[in-house]
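To keep things simple, chains are lettered A, B, C, D and E as they appear, and every chain counts its residues starting from 1.
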Amino acid sequence: AGNESDAGTDSGSDSSDTSGGLSGDLNGAGASSQEKAQGAWATGFQGMNDGNVTVNYDPVGSGDGRTNFISGGVSFAGSDSYLSDDEGELTGAKDRCGGTDPIEVPAYVSPIAVTFNLEGVDALNLDADTIAQIFDNKITTWNDPAIADQNPDADLPDTAITPVHRSDDSGTTKNFTDYLGKASSSWSYEAEDAFPVKGGEAAEGTSGVISAVSGGTGTIGYADESQVGDLSVVSVKVGEEYVAPSAEGAAIVVETSPAAEGRADVDMAVDIDRTSTEAGAYPVVLLSYLIACQTYEDQAEADLVKGYLSYIVSDEGQQAAADEAGSAPLSSSVAERAQSIVDAITAG
Amino acid sequence: MATTVVAEDTGQAKARVGDRVFSGFALAAGIAILVALAGVFIFLAIEGIPGLAKPAEFYGDASNFWGYVAPLLFGTVLAAIIALIVAVPLAWGIALVVSHYAPKRVATPIAYVIDLLAAVPSVVFGLWGISVLAPQLKPVYVWLDENAGWLPFFAGPASGTGRTILTAGLVLAIMIIPIITAISREVFSQTPRLHEEAALALGATRWEMVRMAVFPYARSGMVSAVMLGLGRALGETMAVAMVLSAGGGISFNLISSTNPASIASNIASNYKEGTPGKIQVLIATGLVLFLVTFLVNFAARWIVTRNERKLAR
Amino acid sequence: MSTTAAPVRPRSEPVSFTAARLPRFAPLLVAVVAIAAGALPMLLLGWGVVGWALLTGLVYLVALPLWSRVVEGRRGAADRMVTGLVWAACLVAIVPLVSLLWTVVDRGLPAINSTFLTYSMYRTSLDQEVGIYHALIGTVLITLFAAIISVPIGIMAAIYLIEYGKGKRLARWITFLVDVMTGIPSIVAGLFAFALFILLFGPSTRVGIGGSVALSLLMIPIVVRSTEEMLRLVPAELREAAYALGVPKWRTIVKVVLPTALGGIVTGVTLSIARVVGETAPLLLIAGLTTRTNFNVFDGRMTTLPVLIYTQNANPGIAEVPGGIRPGIEMAWGGALVLIVIVMVLNLAARIIGKIFAPKTGH
Amino acid sequence: MAKSITVDDLDIYYGDFLAVQGVSMTIKARSVTAFIGPSGCGKSTFLRSLNRMHEVIPGARVEGKVMVDGQSLYDSAVDPVAVRRQIGMVFQRPNPFPTMSIYDNILAGNRLNSKKMKKAEADEIVERSLKGANLWNEVKDRLGKPGMGLSGGQQQRLCIARAIAVQPEVLLMDEPCSALDPISTSAIEDLIHELKSEYTIVIVTHNMQQAARVSDETGFFNLKAAGQPGHLVEFNSTQKMFANPDNEATEAYISGRFG
Amino acid sequence: MAKSITVDDLDIYYGDFLAVQGVSMTIKARSVTAFIGPSGCGKSTFLRSLNRMHEVIPGARVEGKVMVDGQSLYDSAVDPVAVRRQIGMVFQRPNPFPTMSIYDNILAGNRLNSKKMKKAEADEIVERSLKGANLWNEVKDRLGKPGMGLSGGQQQRLCIARAIAVQPEVLLMDEPCSALDPISTSAIEDLIHELKSEYTIVIVTHNMQQAARVSDETGFFNLKAAGQPGHLVEFNSTQKMFANPDNEATEAYISGRFG
């Protein structure tokens, strides 16, 4: 390719003063939602190493990414949810890492926007209960009093509501339903990768949901905030306020959420606090993780993983992902802890 | 010139070797296909059979595997049937235009343009399906719901996005038209002139000539073409996954948001987030699709041979 | 002779050759009327262009045969009906095609420039330009190797079925199983290839040739089926002519049967390539994704155009200006356009080859 | 009901290739007209232009006039289907429909005109036509079998039976007997004699004895040279043609001194 | 180089259908043997059993013995390909290879056996064979054109030229002249006369005059009844056969009193 031949010569200069001096291929797999951010990180990391490194990230999905990591097929995984031991994943990952606990650090936070397409309306305020009832097909028209009460200024038509959910299993759905379950009283389903309500409009992938919402009439859906584009978004009721999705709001929630129970030091798994009333917090978020080992058999592999992950959680890395993929950067305290865990990766 | 009939000089001996080697290769190729298919089957069986009997939580709302796979199978077959119903007459029509109706100047570009359709990747069909076709069909579904809602097919409520199983079937139809057309027009145009002229000389109109001389001659090829198209329709993954609003149960309602997924698209949608146990379930659905394809072909073949036998009576 | 038999049709009055024909301009006239009739509800009821086209077609397909039925009788009406129907089929099929091509060209063309075609997506800083070169190479190589695997197997298997196995039980089974094979969903083919390569080369192997193997599973049945049909159509007389000249069977097949069927075989192979060149799911699984250009199908990941299109569309990134086109979306449509052009060129080449080798008749 | 055919200065083309040039003749109703001439001189081509079968070959066309009972055959108002229904044809190579039984082959033409036919009527047509083509005894026990299972000669007779089953008014035969044995041939010749009381018959033959035996009038076609278009050398009563032809070339051909 | 062929009690089957039964005869080397008989009596079938072309039809087989110069043709050690290379065949229907030019058609037998040939040698074979088949003058200017573009008769002569181009030792001809005009026919007949000084020739013909003209010995095949297998009624010198046949049925057939 026209660009690859000279990549090594001219790009090291502008990227960073801390040239890594690494070379080789680093392979990862996992959440498709991370792909764009991974592309940005790969670019930065490749630049740091003067184009002698190639990072490959297979966006096969979180589940398959974790499976690939556990089987030893890839050096790290990207995942929308942390390892759990329901099907022995945590144990499997430990085995894969030579008996040491696997590393789980947050890669970034994504606010999940509730987005809609309704003629004549470009902003709405909704509380968790109303959102839950809409997605549970309990509220079926846009001029339902439950909606109207919260939006006295909006000119709500008599249009039927078409809620759009994900047809594929997805981390977004799991976090969204987790939010509905915890923040509302009218959502009776478990948090799951598969959308639990039967029937209704479903679409493949974030882009599918966006297409369906923008192509339909009276549609409402949920999707990664960065992908919403021109569509209108719902401000969600937190405490007494309505909060629009934002990177800052997402970061606040992550920072104030408790760690998952019974985890090792190197495992930063978090149970998001969906009912947070913190000012400015936006609790409909997805926390995306990076999964790796503390030790690798191969020195080169260890160096590459360490270097790459440490770039990801660095300010530079977080900024690159924010620019390219529109994700929300980690708060500095979270990033600092992640950095110290990643720095401890060794070979042996 | 050799003086005996039995092969003796080296050239002839080599020819015999050539024949043996060549037929050996041909046989090996045939067997390779059997092995490949057996490989796929064994793979599906080994990886999929554990998926037949998992705890109920692996099957979503259903309580067992059969409850899980039934709507998927239904969706697969329904979409494929819609596709065939739409595509087969169109494809045969186009094939006839190209082989017998249009002058060569017109036929060649038409054939070329249709072949182009075969080149469009399924992802692009998917993209086009969501962003162009579905919005166009949305008002049609609303109209059908209002005016033909008494038919179970159009019971509604009409989808708000147009991404229904009927839309998916139409996209599939467009995808399989070039396959069916290409093979059909090839066999149509191979009809011997002698037979066509026999019909024309009896005072047959063009259509009667087609019926008397072309169709009977091409029948086996036409069936093959349809089976190829059906295979693609049953197994299409990405386009269906992208276009269809999936997740519903068994229903003949063609215009609502709630549609059964197809087996292939369901695998693609759920494979990504699948844990090993869930993947076994998905592969088991793949096994079911494989067996269904087997049965469909079996039935088709049986019908064809039965007809042929009737003919030879 | 008619003394012994009742005449089939009354022969009393001489039948005129010109009797009962619609005027030459009849189809045109009906078409004009149909267009007008179709336009009426558009004007009065506000129907769209689609409704107009549908109604026009319907009126034409009903009116012309009806008129013909009255004037020319049942047979003439049937003939006109079918003629109308097959042409309508053509038009109906071309509409979505044009719409699709238009969409792809309209959205893809802006992306295409020399950087797009000659750069890969490998970059070392975010402001560098990227292109689809790596995916182009990946698609060409993986498809080429898939063809290298499946075309010989497919053609030889078809030869076995038609020339050697006729009537044998094994041949009947192969024919049947080839049909079954056409129904293998691409994702299952991908899973199978993935499992196979993991078994052979260790966990999570991702390699271009694995994609070729998966695609071969999808190509072979198409090649076999189309070749089989074409070989079946080669007249037995030609084979006999060669046998009678003392030509061994295999040479007869290679030099007489295959060349006679070549046009159709080439069509079939092109069709099979077109069928798989747009596959996404299996390649994402087994060939993986990389930003670098890889020329070696036997080692390392390879990106193909459909995978690129799929992933770029799924994660299009954010637009440079709010409300602008996302970079991934533009790249996806651009890639789709390139992919279609590739197959178009392939198709054209196949046609030319087919024409060169097709049986020569006439002067 | 038979028709007379008048041909006036007919040129016949395959695309740009002029195959037959400047033919004029009058074929009398209720008579047998034979065409003879060396291979490649355009006999088949000319014959096919008489029922507009020529034009089914892409690029093929004619210039000039063919009048059947005063109607111009190539008039724009004329329906070629109607023409072929009344001017039947038997080809040089037998061409039974491969997927149809013998029975259905015979009825193929009739079924086009009357969809519903009583079984008895159909049986009668089949039997009459097969007897007329001297094939009845050989196939009467296997009418349901495919027509392709017959030997070459049997197939050709099947095609003749199929052509006469629709009782055309003119019957064009392109070397109908070239694949037949003498017995079948003479049966067909007898049939031709019978038919000419009601039909106009035009036959192309290589067998000059046959031409002499069956025809009332004979046309001799020839090529000036290879690659040149064929043309009509002489058209005369058969008797005169074989006894005392006007043209030297005709005499040379008929007496076998030709070449 | 010519071969004599001895047939001993040959039964020929299509699957379960016995088409020809109990044929025994000796075909002399360097002579012309003609087979006559009504259509469907198995002449073609028998002829095809003489160079093992019969067995290319699925299910077809023979029982009995065919000896060529003392070697059993159906011996398991015998290569049917080698047999056919030395016992050539011309078919009832012309079958030129559609993908090949006239030139390549002629050379097909040589080329397809991968014999390397000098251009001059090839040209010579083409010219000799085409002249032998009386086609040279008509096609010498378009040797590169496809063989399918010729008229029926021209195509058949092309096939004859193709068969003699490989210089077989025995030449089987199945009604080679049924699509030819008298001039070509007599050229072929002359050719047969020429060839028989070196080759053994077996010809099936419907034209009894032709059999009388060209052959030294004649075999008469007949069917007992429709559906019954064909059999050899009489095999005798042509002279005797036509003047004073041993068998009544033969006489009836030859004199046309048959049926």
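Quick notes on this structure:
Note that in this section a contact is a pair of C-beta atoms (placed from the backbone, for glycine too) under 8 Å apart; a residue touches a chain by one contact, two chains touch by 3 or more.
Predicted, not measured: the structure shown is a model, and the values here were computed from it.
Apart from chain B, the touch network of the chains stays a single piece. By number of C-beta pairs in contact, A-B leads when A-B and C-D are compared. Distance from each chain's C-alpha mean to the overall C-alpha mean is smallest for C. When you average the Cα atoms of each chain and compare centres, the chain farthest from chain D turns out to be A.
Computed from the mean C-alpha positions, the centre of chain A lies at a distance of 39 Å from the centre of chain C. We define each chain's centre as the mean of its Cα atoms; on that basis chain C and chain E are separated by 46 Å.
Separating the centre of chain D from that of chain E, both taken as means of CA atoms, is a distance of 28 Å.
Within chain D, the positions touching two or more other chains are listed as 81-82, 85-86, 93, 112-113, 166.
Shared contact sites, meaning residues of chain C that touch two or more other chains, fall at 75, 248-249, 251, 313, 362-363. Taken residue by residue, chain A touches two or more other chains at 32, 60, 205, whereas all remaining positions touch fewer.
The touching residues of chain B, counted against chain C in their complex, run 15-16, 18-19, 21-23, 25-30, 32-34, 36-37, 39-40, 43-44, 47, 89-94, 96-97, 101, 110, 112-125, 127-128, 131-133, 136, 139-140, 174, 177-179, 181-183, 186-187, 190, 205-208, 210, 220-221, 224, 227-228, 230-232, 234-238, 263-264, 267-268, 271, 283, 286, 289-290, 292-294, 296-298, 300-301.
Interface residues of chain E facing chain D in the complex, by the touch rule stated above, are 36-40, 44, 92-93, 137-139, 141-142, 150-154, 157, 175, 178-187, 206-208, 226-227, 253, 256, 258-259.
Here chain B touches chain A in the complex through residues 60-61, 130-131, 134-135, 138, 157, 159-163, 241-242, 244-249, 257-258, 261, 265, 268-279, going by the rule given at the top. Across the interface of their complex, chain B is touched by residues 51, 53, 56, 58, 81-82, 84-86, 88-89, 91, 93, 95-101, 108-109, 112-113, 144-146, 159, 162-163, 166 of chain D. Of all the residues in chain C, the ones that touch chain D in their complex are 1-2, 4-9, 11, 14-21, 24, 74-75, 362-363.
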